[in-house]
Each structure stands twice: as structure tokens, then as C-alpha cells.
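I have a structure I would like to understand better, so I am pasting it below and will then ask my questions one at a time.
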Amino acid sequence: MKKLRELTIDETFELFLLIKNADVRIAKNGKKFIAFTFQDTSGTIDGKYWDASEEEISRFSAGNVILLNGKREVYQGNPQVKIIHMRLAKPEEPNQPTLYMERAPLKREDMIEEMNQTIFEITNAHWQRIVRHILTKYQKEFFDYPAAKRNHHAFANGLAYHTISMLRLGKAICKEYEELNAPLLYAGIILHDLGKVKELSGAMSTEYTLAGNLIGHLVLAEEEISKACSALKIDEAEEDVIILKHMVLAHHGLLEYGSPVRPRIMEAEILHQIDNMDASIQMMLSSIRQTEPGQYTDRIFGLENRSFYVPKDC
Amino acid sequence: MKKLRELTIDETFELFLLIKNADVRIAKNGKKFIAFTFQDTSGTIDGKYWDASEEEISRFSAGNVILLNGKREVYQGNPQVKIIHMRLAKPEEPNQPTLYMERAPLKREDMIEEMNQTIFEITNAHWQRIVRHILTKYQKEFFDYPAAKRNHHAFANGLAYHTISMLRLGKAICKEYEELNAPLLYAGIILHDLGKVKELSGAMSTEYTLAGNLIGHLVLAEEEISKACSALKIDEAEEDVIILKHMVLAHHGLLEYGSPVRPRIMEAEILHQIDNMDASIQMMLSSIRQTEPGQYTDRIFGLENRSFYVPKDC
Amino acid sequence: MKKLRELTIDETFELFLLIKNADVRIAKNGKKFIAFTFQDTSGTIDGKYWDASEEEISRFSAGNVILLNGKREVYQGNPQVKIIHMRLAKPEEPNQPTLYMERAPLKREDMIEEMNQTIFEITNAHWQRIVRHILTKYQKEFFDYPAAKRNHHAFANGLAYHTISMLRLGKAICKEYEELNAPLLYAGIILHDLGKVKELSGAMSTEYTLAGNLIGHLVLAEEEISKACSALKIDEAEEDVIILKHMVLAHHGLLEYGSPVRPRIMEAEILHQIDNMDASIQMMLSSIRQTEPGQYTDRIFGLENRSFYVPKDC
Amino acid sequence: MKKLRELTIDETFELFLLIKNADVRIAKNGKKFIAFTFQDTSGTIDGKYWDASEEEISRFSAGNVILLNGKREVYQGNPQVKIIHMRLAKPEEPNQPTLYMERAPLKREDMIEEMNQTIFEITNAHWQRIVRHILTKYQKEFFDYPAAKRNHHAFANGLAYHTISMLRLGKAICKEYEELNAPLLYAGIILHDLGKVKELSGAMSTEYTLAGNLIGHLVLAEEEISKACSALKIDEAEEDVIILKHMVLAHHGLLEYGSPVRPRIMEAEILHQIDNMDASIQMMLSSIRQTEPGQYTDRIFGLENRSFYVPKDC
Amino acid sequence: MKKLRELTIDETFELFLLIKNADVRIAKNGKKFIAFTFQDTSGTIDGKYWDASEEEISRFSAGNVILLNGKREVYQGNPQVKIIHMRLAKPEEPNQPTLYMERAPLKREDMIEEMNQTIFEITNAHWQRIVRHILTKYQKEFFDYPAAKRNHHAFANGLAYHTISMLRLGKAICKEYEELNAPLLYAGIILHDLGKVKELSGAMSTEYTLAGNLIGHLVLAEEEISKACSALKIDEAEEDVIILKHMVLAHHGLLEYGSPVRPRIMEAEILHQIDNMDASIQMMLSSIRQTEPGQYTDRIFGLENRSFYVPKDC
Amino acid sequence: MKKLRELTIDETFELFLLIKNADVRIAKNGKKFIAFTFQDTSGTIDGKYWDASEEEISRFSAGNVILLNGKREVYQGNPQVKIIHMRLAKPEEPNQPTLYMERAPLKREDMIEEMNQTIFEITNAHWQRIVRHILTKYQKEFFDYPAAKRNHHAFANGLAYHTISMLRLGKAICKEYEELNAPLLYAGIILHDLGKVKELSGAMSTEYTLAGNLIGHLVLAEEEISKACSALKIDEAEEDVIILKHMVLAHHGLLEYGSPVRPRIMEAEILHQIDNMDASIQMMLSSIRQTEPGQYTDRIFGLENRSFYVPKDC
């Protein structure tokens, strides 16, 4: 079966898709219509369903999988689907929403395994116990959640995948600069975005929670270190605990980006730069993959609205 | 007995003073001298002690009270004392360092009383219990500490005094705008700077602690709310707890000033403005008190280096 | 009779409303239509009148009161009215436009009375005479005008209401900080925005005048002090006159906000902060009043596009 | 007689000089000394007078002309004079302070003449009458004052010289772009900095006045237009008067530079750019004149601390 | 024959016009339409061509001249043409696209002549030879190209016209300030924007080239100086060559505007200011010419989105 | 023989040192003295030589190696040497200046070897030939020069060492993200700072050249690519050449940091981040090495004046 991204203009198709959004609006003729966003693992497309009855509105709500018979068109420069017919997927059909969500390119088990191996390299006992305690507490969310609502790694398992990528970078860097405190850097990487399991509402229809908006994932993660110390009877006044909290709080690098303190430990500065590098590469790669060689990508919000050129001959 | 500020140029005096700083340096002739800063409740003055012996260096260290016989001079535009003779204060003389430190104009007991009265007005049970728990835990430090190392309220009891002044302002404002949530504003005011009892080293020779530099007083106070909830069995996921944490985290108003989140609750925005207003007024007043009418104050660092004119005829 | 804000979706209604705007445009079918904005004291709503004749276009112009029979709908997330029938209000019906404009919650007479009481507290003779002279000269405009074209206090009597609110705040602050020069602060508050009577075109269909755009209300008010001095034979070189002018010119606080000088007098700094506080509270309150508890307000332009959370359980 | 700038290192000299500053300080030995800045039309030099008696301190005060016998030395990279002997200039000697002040390269009479010629070209009657009225009122100050305390044109007659240079530039520009309103530009140029006659204290020992600090020269000049209208019975509500005021208020170009409004008239934008161009050229030229070819000038504060290279071979 | 700008609302017309853009889109009814922009020397207008066949789409492509029979209307405040009938211009009709493009008000030959005269005034042999070499190499492009894709001088010959205007300004300025190095300034002006012949794709349908986006016209012009030196056997290490390169590289004035170095030579600073002045005047004039006296222009992007008032009575 | 950094306070020593600076000044007693900065591979120290004769001044000039008998003291908090006796090093003694200069921790030959190996991995023929051509042309300077006058890698061989470190990082990153164009990244890394061989004056007493100040190392390197293409008959209009130039021009990342274009190619963005990371780590490490555990480093200018904490227990 084809994916959304593989359809050509004016192609007629029949595909199972997830309803990502379904907004009800009123047309000029006074009747209601539904403005849909459909999704599969390759991307999304919009389409309008005219003259919707109340029953249809409640049947075709967000989060359902449907079988869509449609035609791929272009409207004001953007892809759009003309809906010919649609029905809910049946129980015997592939109707689990998670089948249609974009996800990380690594398997969940492999990521868990790689993470566990790394924890052994955190030789400072406090840090190792704190990291292990928190990961155990939030294992499910940590390996399910995206790393963001939009921008970089905004897909299922994105949080763990981003963390794993950063750990790999971190290990390469520690090999080049031997004076770096590798256990500190690894512990910091693992915990830096963990607050997102409380900042975001989950893997599907991701939204910011109240705590996410009013406290933010940096402080939410820092609190977890504090709670872990309580549970593990580790004195929070110890230098290594203060430093680990600092790694998490300082990782946005600048106050303007929401860190309440700027990095004041060498490894905290490096953590910030690794985070920035992995996020930039992910954003650029995901735009470049959708761009023809010889063309420019769309403007990337997270990279100050720059568009990037994709070379064709080299 | 006169105060330091009351001395005129070239006046000879004999005063009990506290040694605030005592730096040992080497003169061009190769001999050691001590660069002193002396202090009483009216201010500070510098003076040099030439050809200091090792014994004198250890005897006249910072934190001791001495009886100084000297002459007030001016060196490159700044007041300076020429040291004629000095000796340690004797046990029967007024030799407690705290006698010479600047302090708040309100009495400690009065401030405690006023604070306790206010707590009754915090009618939300969670907030009242949390505030009471934390204040009880840190009562001594809260009523001893300055509000800063320098800038505004940098004197003993400054933290409590700043808090009381803000409460008074807050009450006046709540009277004008009845839709404000007064209990929330009062709870926020009381806790907003409480993290300073961990950020600063104490009332004398105040320095930033490691936790102060690497975590900061906003997050240190927020952690205390979290610990109080644990102790009091209050669920931290409750909306009112999240909001109280937000009050503390957002009170610097802008990310650039170290708040990890900007105010997103009306009372958090007001708390920030009240904090700013009380701090500005204190900084201006303390500069204006040292300036002749018809003159400009020194530039005030905390007010973007502005100097203020002190009117003479109106 | 119901107000616009009280209508529910799909409700049919018949209401007297003021035509706030009436833009004539051409539809795709080549015929003209009128894009209306209707208003009552509770807010505004848009609606389109299709196939308008030239006669209808001239009859239903802005500033007229009409009786509208319509249905309240939603179009792309915003409230909209479907016009069923409309006619001009008759002479015997409530057809004065001012009945439908939003206005301050205080009565005009009460505000005049409160302002007059305050003038007695301005004990410096120059300031009192200048304030009285200018208020007398512009009494009508001062108590009619809004404080802005949009943003805060953008309603009839808004200018006086904003001034009264600031005076109340100012009095509360002077009580806490006795070293403040209360007469100076009150005189500054009363005059600070008075230039708006020349910057804006009036209470209805408010626009910026040429002098408003090219000179601005700060300098326009400062000029009035100068003229008052001429009329009252007060020497403008006197310190207290210079300071009063400064209060007005510096009240935006920062050069970037249009003050040609930053506050260099303590009371000028406080005036700026009070202005800021009252404007912020008004903007937050007016957004919060339109928001359900548990939801976020719209983004508020004058507060750096922040949206605020409206607590539900506390 | 040589000028200060012409002296070589270690040269002994005898020169009439003006005492620009005379600060009394206390040396390490407890005796007083005077820190002098001496001046002639070529520049300034510092020198210290040790062991000064009270009589000498009062005799050698700022503003007096002296005959100095000294030696030109270098101290920490800066020129300095070793004072061998000094005495007050006698009545029959060249003892007028103005002889030693830097001044504009044009003669006062020539500038007056050129200004008067230009006024004829201001063909709008309101503008011509206003300009003539104000120039007559402040003729003496306008042709005496510097254009600034420091930075560009900080010398006697600097204000008129800066204005004349701008007028010449303005005329050349109007010839290239015929759509410009030349009378408006000329009137704006003549009045733009006129407020400096009230902002600054005078040509010698120039300081900012209270009105200069609290109101600023832009608004002070704008007030003068207002007063001129009163005196000449010109209605201030006329468009041409509003525009002339705008020229003056907007000439700093940006709010951050103290204009309460940004230029909104084409000629106001050009006035700002001409002002900037003449000021930049004067600052660069006066630094370049003191620099050897092949070297860099000192950093120029008014040009964002840049230093400029002075070519040697081209 | 009338020009586009001269048509009145609802006027029916028949005009030869150039198709500037022709975007194919899909209407709600599923059929294709063409969104045209038509152009003549007086400006542009948009119009939609409904139900377009494939043949029509390929016939009416951008760059063709057509004879259009239409009616000038207004749609949402903007001028629009209702297409009644259109056909391609015939060979015997005025069908060269260049006839319909906006162009500079000076004749090409006159500009070439004026440029050549100026080159004689560049008395430094290196500079004169380099300028002559480069102008000869790119003569055609230099006198054809616009100075920009949009913003100022975005019309045919705009690059040469902008350069000529700047030379005229530069000569006037050199006459006022004799210490300026006129040959350096002229050489800098001629070369400063020459890189645009490589940055832009040409005079019609102007786009940025890859080198334009990735290298930029400043460095592209600097490279040409380097190549000219190679061809002319001039040693690039000579001071005058380094300085000429600097003139080109620094002419945007600020790093934020894309200059890799800020002006460090007096003439480089002046070059930047002249560039700025000519560009501003062109932008203001071209907006003002389209605005009624007594009204404000549209917001001008290149002047920080300001709109300018066009006086009516003076 | 001890190194400068190993001396303790008040220790008397005899060491061969390089005279880095020797400034002649005049003391208060009118006699000349020399203000020296001495250097060995461990760092620098200042010392004054009083009552210097003309012969001594010319003998002890910068760049000479001397045998110094002195005592290490502290003056105003900074290390200082009291000079007891000094003489020039003799021919048979270690008198080559390069012996006393700080240098990279890698051997020159090893760096050349590693660089050559890398060139083989640049599989694009244009890039490989260009890189090889330029490295051959500037081999001596490239492996001698520092990477900066001060800040990071400001020591002999610093330029090559910085480049090698970045290549190692680059290889590690390419292993993690396989979609990166490794040959492009390596070619960009090798050339990015090569312009410093023209921007700086050399390895000793490093200063900025005129071309360095007026053109800058980014454009100087870009020119070299252009010249290499000429020499190698490579067409500069090829996409891969344009992209390689872009890598060099964009590597400062932001216009404010002197790049005339922001990175618009993925590998250019990564090059910028790698450059930043290696420079940051070098600056932090070199400060941390001079700091006791448990203390803060000095403020680091290149890292926005932050000081970093050096942990003691972890």
C-alpha cells in the first residue's frame, strides 16, 4: 500500500489513515463541514468534508483510523485531498492509531538496551543511582514520548531517540577530550529532557500540560532529582547532586531560552552544545529529505527561519 | 558617638568599627600592608595600614571590632581614613559585630508578628499550610538574611523587610482591584525570595553559595514547595500547587532575568511588578539619602546606571 | 434585552446595535457587499450584507444605530452574525450611538469629583495652578476620551478612568513610602496622558490625528504645561516646572517606548511603574473576563503576546 | 609661540595656557596637590602641582590663563607636563580665556551672513518667520555655543558651524533630488539643535543644565517653535507648523537615540541622515588629523568605538 | 494609450501588457484557473482567468505580451482586473517584453557617458585601471540589471541609475569636505554593488542565483577586484588594493547587514552613508508618488515598516 | 629547571626566559624604567626594571632570551617578579625564542601526517585538488601560526592544532549521521581558518595585518579558493566550488560574528558548531587547568565573561 508522500498530483487512491485533527466549521451556505488532517507514517494531508451531519461529525473524530477513498490535489500551493468516500476502519482491519504515527528509526528494545549499557559507565554512585531510579520510575513514558510538540523529534519515541543520539555524540566527544568528566556528561544527557514526560500530554495529539506551561521541563526534571535523593537517602547538599541538578537546569544554554542559570560547569556547556547539534541536524535532515536536490528546503522555524540548499552535483 | 557618615573632611575621630574586609598586599618597598574596609551602621570607609607585621595581620582580620583613632581624608575623590592608631575592642566594650551592620528599619519581632497576621489571610488551605511549613522551617534565616549581596536591601533582615514592604503594597493593590486573588498574591510574595536563605551564605560577609550559583534562589524556593507537599501529604499535581510554584519561578518577569517561565497567571505578573517597585524605591531612596538636594545621586547599577536628581525647592 | 456577548451559538435574535464599521467590497460575482462590525456595550461582532444596493450602502453607514434581526454563528473560529433583516432605529427608539459604546465602570460625575478632591492635595502652588488650568481647558475631552485606540482602556471615558485608577494606586504607594513627594506624583499622574486629547480624534471611531502621529501625546502634554505657565505668569525656568515637565516626558520609562528622556526623578520612575501596572491589570482583566476558568486567554498584544491561564479551582 | 600639540617629548617650554580643570587631591604623604588640565587651541595636557598651599589652590583655579614653564613628558603612554614654574597671566599679556579655546574654522560674521542668506530661501512664510524669530531671540548663544559637551563639534561656535555644514550638504542634496521640499529641509536644519542653547551651560566649562538633563534639546527646541507661534500669532494647528515641530523632534532618527517619534516625513528622514553624516565626518576628521599616516586613530566613542586606518600611500 | 495606473475604478479598457507571473491553481469546483500579474511601465495589476484549458495555460505563460480587454475593479481594497478577453500580441504589434518593464529615468547612453567621465577623476592608477577593467568586463549587465529583486531600484537599469545617483551625491560631499579622498570614494561607489550582476539572475523575472545566496554580492565584487589585479599584474598586497576591497566589503556598514567588516576607512563610512541615503530617498519617493497629499504612504519594508505622511499644504 | 607557573610566592629563582614585551616609561622621579613581560612555555609574568640606561633599553628589547635572577611576588593580586639581576642568554645557552613560546600538544610532523591522511578522504576531485593546492602553498605558515592573537589557541601551531581537533570531531559526527557529506565537511574544516595566515603577522608578537583588519580571514580564505581555481583551471561557477566557498564564508554562523552569509548548507551549519565547540572546550580547559578544584575560574572573555566552577569531589 502506498504512503501519503508517495502520491502524485491528481492520483486517486484508497488508504487507511489516522484522523489527526477534525475541526468543525460553518460554510458560507450556513452548513457545517469538517476540516480534516489525515496522517500516516510518511506525513500528513488536509481535506474538507462538506455538508457534514451531526452523526458524521461525531463518528469521524480525531484519533480514529479510517479507510479513505480520495484524490490528491493542490490548493494554493499545498497538497490537499478531495474526499470521495470515507468509512471507519473495521476491527479486522489495521485500525490501531499507533500504526500511522511517525516514529524513531531505532527499535524501542534496542534503545532500552543501549541506555542500560550506558548507565554502567556512570561510575559516580550518586549519579548512577539517581539516573536508574528516575528511568525506572518513568520508563514507559520516556520510551514513548516525542521530544516536542513540533520542531525537532516531534514523533513517537522521539524523546528516547534524541537522548540516544546525544549519548553517542557525547561518547565521541569524550574520546577526543579526555579531561571531560564522562559520567557527568552521560548522566546529564539522560536526564536533561526527562521533564518532558510531565511537560507534554503524551505521544498522541501532544499538547502542553498545565505544569508544562507554568513550570517547564527543566524545573520538572530538576524536581525529580530532588525526589530521587529523598527516596534514595542521598544528601542534596552534596556537591555532585548540586552539579547534576545544574546540568539539567542549564542545558538551554542561555537565560533567553529558559534556563534559569547559564552553564557554569564545563560539562554543562558541552551538554548544551550537543543538544543543540543533535536538534539542528534532525531538523535539517527532516526538511532535506522532503526537498529535491538543487532546491531549497522550506524555512525551518527552529533554525531562525533559514532555508537550506540541497546540493545536486556533489 | 558619631557615625562614619557624619565625619567631616580632615576631622580626627575615635570610633568603634567593624573590620569588614582586610586584604594583605605588598607595597613597592617590598613590605606588606593591610587594605582595610571599616564599617558601622551608617556605611563604610577604606584605609591602609602600612608595614604590617605578621602578628598584626592575624590580629586585625575581618569580622573583628576595633577602636580606631584616625583622620577622615579624601583620596581621588573618595572618602578614606588615615589610620593613626587601632586596637581590638575589649570584652567589656561594644564588641559584637552585629552592632555595626546596617539593618532594616523595622524590628524583627514586629516583622514576625505582621507576617503571622498575613498568613491568616491566605484562605486557601494548601497555600496556607505550605507557607506556614516553610516559614517555620527557615524562620531564623528568613528574619536574619539580607535580600542580596549588594544592590537593594543588602543589609541584615533585608529579606524579611523587603517581603513585608511588598506585602503592604500587595494589600493596597488588592483593595483597588477586587478581582485579584489576594491569598495567592500574599503566598507568592512570602515565598518569592525565600530561596535566598540557601542562595546566600548568611548575614555577614555575604557570598553566593555553590547552590546559589548553580541552581539559583528561584528553583531553590520552588524545591521547598515540593518538599513541603511531601511532608504535608499534599498532591503536587493539584492546580493550586502548580500555580504557587509558578508564582515563585516567574517572579523575575523575563527569561533574561532568570525566570525559567514568564508570568502566565495574572497574580504572577503583579508579583513581579511589586517586587520591581519595592526594589527600585529602596535603591533610589538609599542613594538619595546620601545626596545633597540640588545634586544628582551616584549612578545606580540596578537601575541601568541612571543617576537621579534630588530636587531642592519642591 | 440581551447583550451581544450573551448570545449562544445558532441563537436567533433581534437587537439594537451601533454600526461601528461598514466597509464596501466586491464579491466574486461582481456585486457589492458590506462588511459590517456591529457593537453594543458588551463587545462587537462581524457580519456580511450581500448584494448591497447603492441606497443601502449610504443608509447603513458607520455611526448609525440599527435594529438587527440575525443569527449568531461561528466562522473559522470567530463569532459572526448572519444578517436576516436590518433597519435603522427610529427616533422614538434608543438611537443615540453613545448608548452602545463600551465605557468606564465609574460615573463621569464621580470621577470629576474625585479628581477635584485630589487637586487639593497638590500643595505646591505652581503644580496645583498648572493642573487646574489645564484640566479646566480640556475638561470635556478629558472625561470623554478613551485612553487609546486599542489596547488598554480603549473605551469612552477610558482616559479619566485610567487616571483615577492610577491616582488611587499612587495614594496607596505614598502611604507606604513616606519619602515620596506625593503632590508631585499626583500632578504627574493627572497630566501624564492628557496629551491624548490632542493625539486622538475623539471617543467614537477613534483615530490618530496628524499631531498625534508627528508629535505624540508626551510632547503635546508638555507643551500644555508651557502654555499654562505663560497664561499663569509662572517662570518656566523654575525647578518645579522643569520637574513637572519631566514627569510627563519620562513616563514611558524607556527611550524605546517613546520617552525622549528616561526618568531621572524618583517620582517619575514611580509614575512610569504605576502607569504600567494599571495598564497591565486592565488588559489582563478584560481578557480574563472573556475566558472560561481552566482555559487560557487570547494572546495579549500589549503584554508581549502572552496568554494567561485562568485558574479554576482556587 | 608653539602650540601644545607641537611640543616634542622632553622638550622644555614656556607657554600661555588656559586652566581647564583644577582638581585638588591628597597625596600619600598627606599633602595636597592640584591635578591640572591645561588647554590651548591645539588641544589639552595634564600636569600635577605637588604640595599646593591653600593660597595656590585658590589662585590657580579653572578658567584662569597662566604662563607655564614646563617640560613635556610621557606617563603611562599619555602626554604629561612636568610643571617647573607657573604664574597667572598679567593684564597686559594675552589673558582672555577665549583665546585658548578650540573654535570653528569659519568666522562668526561669515556664518551669520551665510545663515541670513539661507533664510531667504525658506519661502514658506510661517517657517521663515518662525526661524527668523527664534534666531533673533538666541542669536548670541547660537553663534557662541558648542554643539556638544564632548564628541563632535565640542568647541566654541561649534553649534553654528555644524548647522552651516549641514545646510551646505542639504543644498547639494536638494539639487540632486528635486522632489525634496528645500525650504522645509533648511528650516529643519537651522532649528534642529537650537535647543542646545538651553541644554548646555555655555561655551566654557560646558555642562548639562537641569532642563538639558530632564527635558533635552529636542523638546526644548520644539517648545521654542510653540512660543514663536504665540508671539507671531501663527495657529499651531496648521499642518506646516506641526511638520516643522516634527522635523526637530524626529531628527535623532530612532527612539533609542531620544527622538519621541521616528521620522514620518521624507525631509525629516533626510535631516536625520545629514546630521549623522556631518557629525561622523567631523569626528573622523578630528581623530585623523591627530594620527600619523599608516596608523590607526584612537577609538571614537561616537562611532561605536571604531578606530580608523589612515592610508599612507594613496 | 492609457497606462495601468491611469485607469479609474470600473473602467473598461483594452491594453497591451506583459504577463509578469502566471500561476496555475485549482478552484473549489476542481477546475484550473490562472492567477495572472500583468505589468506595464506604470505598475502591475492582478487578475484571474477561470476554467483555463491546458492549451491556454501553455499559451499565456510569463514573459509574453498580450492584448487584454478587461475592467478595472477593486477586491479587498486592492486593484484587480476582471478579464473579459485576452490574446497574444501579434508580431506586427508592440510585443517586446522590455517595452513594458519599469526602467530608470536616465537614458542608458547618458549613464555610460557620465560614468566614463567620472573614471577620469579617479587619479590613482591602480583604482582607475581596476574600475575600467571590471566595468568593461560587465558593461552589458551593469547597465541592464536592477539594483534589487524588490525594495529600492528594483527596475531595469536600476543598478547603473543607483550608482550614478550616488556618484552625484559623492561629488557634492567631496566639495564640502576637502579632506576626503575623492578618487577612492568614486572608485568605491562604482564597484560597491557590481557583484549584483552575479547575485541576480537578470533584468526580467529577477531571482537570486546560487552564488548570490551562498556568497553574496559583497564578496562577489571583491573577488572581481582580485581577478582584475591578476589580469592587470597589480600586486594585491599593495595598500591601495586592500583599501579598495575594503570599500566594497564594508559598504553595508554593520555586520548585521552582511558586511564581514565594519568601515575602518573614512571614505568607506561615507560610502555606506551615501548608499543608505540614495536608497532611502528612492524608496520614499516611489511610495510618495503613489500617495495622495494629506495621506500616508503604505508601510515601507526597507525603512523599518514606517509609513510617511505626504503634506498637502506646504 | 622550574617553569614560571611552578614558582611559589616569595621564591627566589634563576631562569632563562623570553622577553615578550618591553615598554619604556618614565617614573615619578623623572627617570626611565622598563615594564617587562617575561614568558616561558608555562605562561607569563610582569616585572619592572628601574632607572634603565639607554644602553640597557636597547639591549633588553622584546624577542631576546635572558637569564633572569629574581623573586616571585604578588602586586595587587597579580603575580609579579622583582628583578634582582638579568643578562642576555649566551650563544651556547638555550637562546632560541621559540623554546619559550607556548605551543600545541601535538608534534608538527604528526599533525602534517594526520592532515595528509584526511585529504585522501576528500573524494570530490575539485575539493581535494583545491585543498591540496592551498595547503601546499601555505604549508609553513599553516603549521606555525597561532589560531588567534588572544582567546583560544593563541599559541604556536595553534592554527593547525585547532584544525586537527575539529577534524577529529567532524569524523566522529559523520559516523553518527551518515547523511552528512563527509568530504565537504573535511574540506571546509581544513580551509575555514586558513585566511589567518594572512590575517595575523606570525607566530611571535602576533598582530593583525592591514588585510586582516580591513578584509578579514573569512574573505581572505575565500579568495584563496578563487585563486586555486584559476591555477587549477577549475570553473568557479560549478556548484561544488560555490559551496566550498560558502563553507568558509559562513563558518562564523551569524552575521553579527562577521560571516557575510549565514549557513545555508547543512554541513556549513555543522562546521560552525564544531568550530564553536572546539574553541569553547579549549578556552574552558586552559582556564580550568589554572584553577584549584573547588574554586571558580577567571571570567572567560570568549564565553560571555562566564567563570566556571571546578568540582572537587566528583
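For clarity, chains are labelled A, B, C, D, E and F in written order, and residue numbers in each chain start from 1.
Please note the rule applied: contacts are C-beta pairs under 8 Å (C-beta built on N, C-alpha and C of every residue); 3 or more make two chains touch, one makes a residue touch a chain.
All figures in this text were calculated on a predicted structure; none of them were measured in a lab.
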Co-neighbours of subunit C and subunit B - touch as defined: A, D
Pair sharing more residue contacts (C-beta pairs) when A-F is set against A-C: A-F
Superposing rotation of subunit C relative to subunit E, computed on C-alpha atoms, to nearest 5°: 120
Chain at maximum distance from subunit F, centres defined as averaged CA atoms: C
Where subunit D and subunit F are represented by their mean Cα positions, the distance between them in whole Å: 44
Per-residue overlap in subunit A, given as positions that touch at least 2 other chains: 210, 213-214, 239, 243, 264-265, 309
Overall pattern in which the protein chains touch one another (line/ring/star/complete/other): other
Contact pairs between chains, per stated definition: A-B, A-C, A-E, A-F, B-C, B-D, B-F, C-D, C-E, D-E, D-F, E-F
Partner subunit C, residues of subunit D touching it in the complex: 210-211, 213-216, 218-219, 222-223, 226-227, 230, 237, 239, 242-243, 245-246, 249-250, 255-261, 264-265
Subunit F partner contacts - residues on subunit B that touch it in the complex: 25-26, 30, 210, 213-214
Residues of subunit B touching subunit D in the complex: 73-77, 82, 309
Touching residues on subunit E, where the partner in the complex is subunit D: 124, 127, 165, 168-169, 172-173, 175-177, 179-181, 184, 238-240, 243, 262-266, 269-270, 273, 276-277, 280-281, 284-285, 288, 296, 303-304, 306-309, 311-314
